[in-house]
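Below are structures written as structure tokens.
Paired with subunit B in one complex and with subunit C in the other, subunit A is shared by the two complexes that follow.
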Partner chain A sequence: MTMTLPSPAKSVAKRDGDAARDRSTWLIDRAPFLIACGMLAVLVAIYGTLREGVFTFEELNLDTAAAMTLLLAATGQTIVLLRGGIDLSIGGMISLGTVLAATQFGGSPLQVAFAALMIALLGFAIGVCNGLLISVLRLQPFLVTLATWSILSGTALMILPTDGGQLPDFWMAFGNASLLGVSSSVGLLVLLILFWVWFRGTRLGIEIRATGSNQRSAELSGVSILRINLLTYGLSGLFAALAALYLTTQTGTGSPTIGKDYILPSVAAAVIGGISLFGGRGGMIGTIVGAFILTIIGNLVFVLSVSSYWQPVVSGVILLIAVLASSLAEKSARRSLS
Partner chain B sequence: MELIEAVGISKRYGGIVALSRADFRADAGEVHALLGENGAGKSTFIQILAGIIRPNGGTLHLAGRAYQPANARAAEAAGIAAVFQELSLVPDLTVAENIWFRREPLSPIGTVRKRREREATLALFDRYRIPAPAPTREVRRLTLAERQIVEIAKALSRDPSVIILDEATSALPPRETEWLLQLSQDLAAEGKLVIYISHRLAEIRQIAQRVTIFRNGATVATHDTAAVDDETIIADMLGRRMDRLYPPRIATATDRTALKLRGLSVGDRLADIDLDLKEGEVMGVAGLQGHGQRELFQALFGVSRSRGAIEVWGKPVAIRSPRDALVGRDGIALVPEDRRSHGLLLSKSVRENLTLSVVPRFTRFGFLSRSRERALVDEQLRTLQIKAGTPDQLAGTLSGGNQQKVIFGKMLLTQSRILLLYDPTRGIDVGTKGEIFRLMRDLAAKGYAILFYSSDLPEIVNVADRVAVLRNGKLAAILSGDDISEHRILREAMVEARAA
Partner chain C sequence: MRQIAHTVALAATAIGLMAGIAGHAEAEAKKYKIYLSNNFVGNDWRQQMERVANVSVSKGPLEGRVDLKIENVENTVQAQINSLNNIIRSKPDAILIDAGSDTALNPTIKKACDAGIVVISFDQVVTEPCAYALESDWKRIPAVMAEWMAQQLGGKGKVFVDRGLAGAPISAALEKGYLDVLKKYPGIEVVGSYNGEYALGPEQAGVASLLAAHPQVDGILTQGYGSGAIKALQDAGRTIVPVVGFTYNSSALACAKTEGAKCILGSNPAYLSSEAIKLAVDILDTGKKPAERHVLVNGDFLATAPFKSELYPDAVTQVIEIGKNAFPDAPPGLTLPITPDWVTITAAEASGS
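This part shows the complex of A and B:
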């Protein structure tokens, strides 16, 4: 029997076919993300016709400040979702973070910096505990983080039963500071994007995606699932703590119940931006788009001066569209393969 | 001294012996084929070589030194790379990311140097002339054959001295198969050892210098491929077996056709099956693993989408879901492959398991009639001789054989007279096996029509009236009477059908 090699003409034709297929799968894979971008564009356009001065730096600064707490919370959530998990405890961590900031921050900048660092580390440590419970006891992430959410919320209420506490003026000034017309929130957004571009390219970033995609394969290739769980939930807790710290620069108070407002929106922002709840697929840029969609909906409801209860209704509809889009894209991809 | 020397390797899983005394010697610079029936212990043996499982006994030497890999990575470090049938790729990573997973070239800030990774991938493809998909494609978008090739590329990227190919050509189309056969020979010529597992005798003859044959967890023989004929190889694979297990086979088939298939196809796994199952007949379905048996059963039970025509008791039907297949006296009932997860609710009682699918048979005006349920359950416990303390004992606490009987009871209560039995005796003790075979013959005598697959070939040979042999998803032959022998079935299933 002789070896038959593909003739050159044939392989060129094959390569062209591959390229066309690559382009179409590229589109299908990113369909949820592209649809999210489209929806954001439409919402911004509507917003722009309803109000003057939407397309200014000032508006960008304001909207970014409004979205930043959610963005930080959703960054952690994105990392956990990519691993194929979910973190509900961020709600408790955000409440606890604001309460601790409002009660433990002293007057001097050094004390404040120390306390802020401690709160961030506490967030990481609590996340690591979540990861430990999930790995070692082999419990469902949903239930473990639901339980820790409850524990953290109760703790926050014990420390500060009602909204209040004190934050130094310079701390709140940070939230409103700007440099050459660019606010601190936009600066943070740029940092967040840079962080993500770096993080997704690291070996850890790839291992997280691989574990979310197929845990068994990742494990066979030598990935330690325990380490991945500790780090993903740890990072989620850390980002929740950062979200809490940022929130206090905006509100100026500690609030023991505010965290619950960020749990489901953090998941929604990620899913609207194209992250699969089954793990492995999607990225932070989509989550940013998703978070801005949710924020602009809030603005629209305000500008239209309709009842604020419309905000969750519209958010829900957008979420449904996003989920439908990704499911349709997946089905069409499967059909084109078989 | 040979490169790999394995002597008396054994492996037990609880009471089940997967390997009893496997010996294997292979040298650098050869393609060494490993042959054996399904369940002969080949997979267990190569998993031991690849460090995935650890043996209970025996000695293993690699290049003269004791070799006891603690895990798969230790085996890789020792220069052994295995390509398994159960693929180990991550679906959401690209081809290049999968090949270099955890060995990526990194930049000073710890990020993966994607371009260098891509170039290394292309260089690898080039070096071995791998007909692989573009490095940037995501693995979940690849066909089974493309994934298999990426898996082989991943193994080659470690530059191993021993490469194990487990049925690697079973997923490959002809052109890629040619490539792999050539590659195996080239690697051997470079001084590497290729351990090649395949059921395709022609491939083995083409590339392997020696062939080692396993049977029932033990090594039977090692032959020079050039000096041995096919008959000897097949005889070594089969051995001699006792047959007291089986009830006498009395033909009870009538002229009535219970199940008629015309042009039945499932995806690209099963093509154009024409089959007539008669009332009172036990028809065996045989073939090498993965040649369409599972797809056939799934299609008939409505789990897989199929094309083609199906007639049940003379009436054309469309089976789109298990509900379509199950209904009533004219229905089809299935004993599924995995009884613990598909057939039984382990945390429910025997009684509930038996009656789950047939609740309407003892309800009146929407209310359960406990006495009718009890009567039905008692009848099944008696006829099947299910050894349960009470009908309320949890199904999960029964032995494997009794669990399987509960599934039979559940199936019989549906009153369907066409039965699909997919490997009903797997993991069951010999005594219960005999009971199940007798039950099958009794049911056939009562006019049931039975389609029967077993991973254990002798069971098909000794129980079935006729045997449909599948090869590459097509019907290779229907054997009856004296033509039914393991030898004949294996030949029909293995005779090379590789497209020229």
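This part shows the complex of A and C:
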């Protein structure tokens, strides 16, 4: 019996080749995210030269508060996008959430805590309904969530036809509180990052990305698509409700039409941060970078005292760069696979 | 001795004069940094509002007194909050706000007030108590116009009433304003209502369909142009009845040029922005605050013939005169009257042509 062992020299060369390929796949996979980080760094650098005190906690507090509603909405959107779906109903949920908070919050902290919990649970339940419709009736996520957006917006308008309602002072004080120079919004940002670091390693987190990458093979390896849909859309609804609750600490009012302003920006923040609209690729950190890019552009346009119409123009250009990077990464990934 | 006294007197006068000049120079040098935050620029009124704001600080009593910066946002509350936060950080003397929401900016506005900034909301005003609210008198406008209509009809006749835009608070307020006055005349009957939506098309279509159903109508109270109602009457071959509308250039021209037309037009002047700037400068100059948080601006009415209101005796009605207060060469969407009385803004300046 003869055994042919691979010569040691050949095996090392193969290992090196594998490692090089791994490195390049890693780089290709993360290129859109890295480009987003680069863009944010450049924007902050320019901003830092134009305004005093940009590299202070004060600036971080202000920008995080400005971005937080969008960030919370985009967190839910990110989870849905990773699964390969989209959730337009967050617009309706945010409106409904602010309206319910402004009408149902009582005066006592206990009542407020209970009402806030109920709003968060309602968000989750509505998201689960979206997931159910998408899975059971096999409908397009875009159309299902377009319909629920409309239903939720109408409900919000029935409860409160125009901006109004009351929120207790301590609720708003919480949104603007700070501890040792760090605001509650920065605290929330840290919590969001911790949530993501934990969530992406969970079984659910891995299954969501696997389903987004390739639904068929995920299904074959035992992933329940129904469960994934219920939970991804449920989480998206939950985060939309949280976005609504945070928003009320900034506006102090219920706004039955305000949610629509966060739908497309939530998708834009995620895409700028390197999340693929086809599912499976990217992460929450990218979305945070994307949301900050959108916020810093607004500050930059102000400091440069150019016409504010430059803000959507610059945001659009950055979105285009992100989509381009994403599509190139997609193509390279496909090429290296074949 | 006398000579010394004379010299001393001269010196004193000279010092006094110099001090006077210095004081004067100091007052003149005080230039205020004022921001105007506008949530929406998608219609003629808002664009005229911004143009006249710029014109009114470039001449007249405010010339050289104000460094005016206009920040437009894309019609979202979040964008206006973020923009206001940026404005507050640049420490201006005053902020003027045409607001996207009457309540959602309140916490941000409170922050500005706490930072010692004078805040004046105008046009779409806010409920925050620390900010002034400068707007047209929306009670007076429909009341005076309904009173005019009742006078035209001699207290007797059938009218159509425009409901404006469904769900808009201002529409409901205007409709109520018309009806409250008309109710006092038992001979006047509202025979039909339509939604004019502040656009010519829906106004003309709404009136046309009501005309088809009602053989007799003696007056039409629109919330929009009024000229759409006149066109509908003409198309239906009816006599032109008295029409109530608002002071768009095209409305004033249609009223003046159409034979037999009788109109009154109410004004929500685009120079509310100029008035807000003047109020801010007055507060900053004198340190004196207006007694009331609400500051009402009364734009003159325009009508085809002189009219004196009994409900509001101080309401001024200008008779429409082409070239003087209606301008054939200016855009149809220009809002009249163009200028407040303390500065002269021309039609060309207001329309940007």
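Just so we're on the same page, the second predicted complex is superposed on the first by the 324 of 338 C-alpha atoms of A that agree within 3 Å, B and C clash if a C-alpha of one lies under 4 Å from a C-alpha of the other, contacts with A are read in each partner's own complex, and residues count from 1 in each chain.
By our rule, contacts are C-beta pairs under 8 Å (C-beta built on N, C-alpha and C of every residue); 3 or more make two chains touch, one makes a residue touch a chain.
Please read all numbers here as calculations on a predicted model, not as lab measurements.
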Partner chain in contact with A:S178 - subunit B first, subunit C second, else both or neither: neither
Touched partner set for A:L70, first subunit B, second subunit C, both or neither: second
Which of subunit B and subunit C A:S224 touches, first, second, both or neither: neither
Touched partner set for A:T155, first subunit B, second subunit C, both or neither: neither
Subunit B versus subunit C as contact partner of A:G164, first or second or both or neither: second
Subunit B versus subunit C as contact partner of A:G298, first or second or both or neither: second
Subunit B versus subunit C as contact partner of A:A210, first or second or both or neither: first
In the complex, subunit A residues that touch subunit B: 1, 3-6, 18, 22, 25, 29, 198, 201-203, 206-207, 209-210, 212-214, 217-218, 220-223, 280-281, 333, 337-338
Residue numbers on subunit B that touch subunit A, as the complex places them: 72-73, 87-93, 97, 101-102, 104, 106, 109-112, 114, 129, 131, 133-134, 136-138, 140-141, 143, 175, 178-179, 182, 206, 267
Residue ranges of subunit C in contact with subunit A within the complex: 69, 71-74, 76-79, 81-83, 85-87, 89, 101-108, 167, 169
Residues of subunit A touching subunit C in the complex: 62, 66, 69-70, 161-164, 172, 176, 250-253, 255, 258, 261-262, 295, 298-299, 302-303, 305, 307-309, 311-312
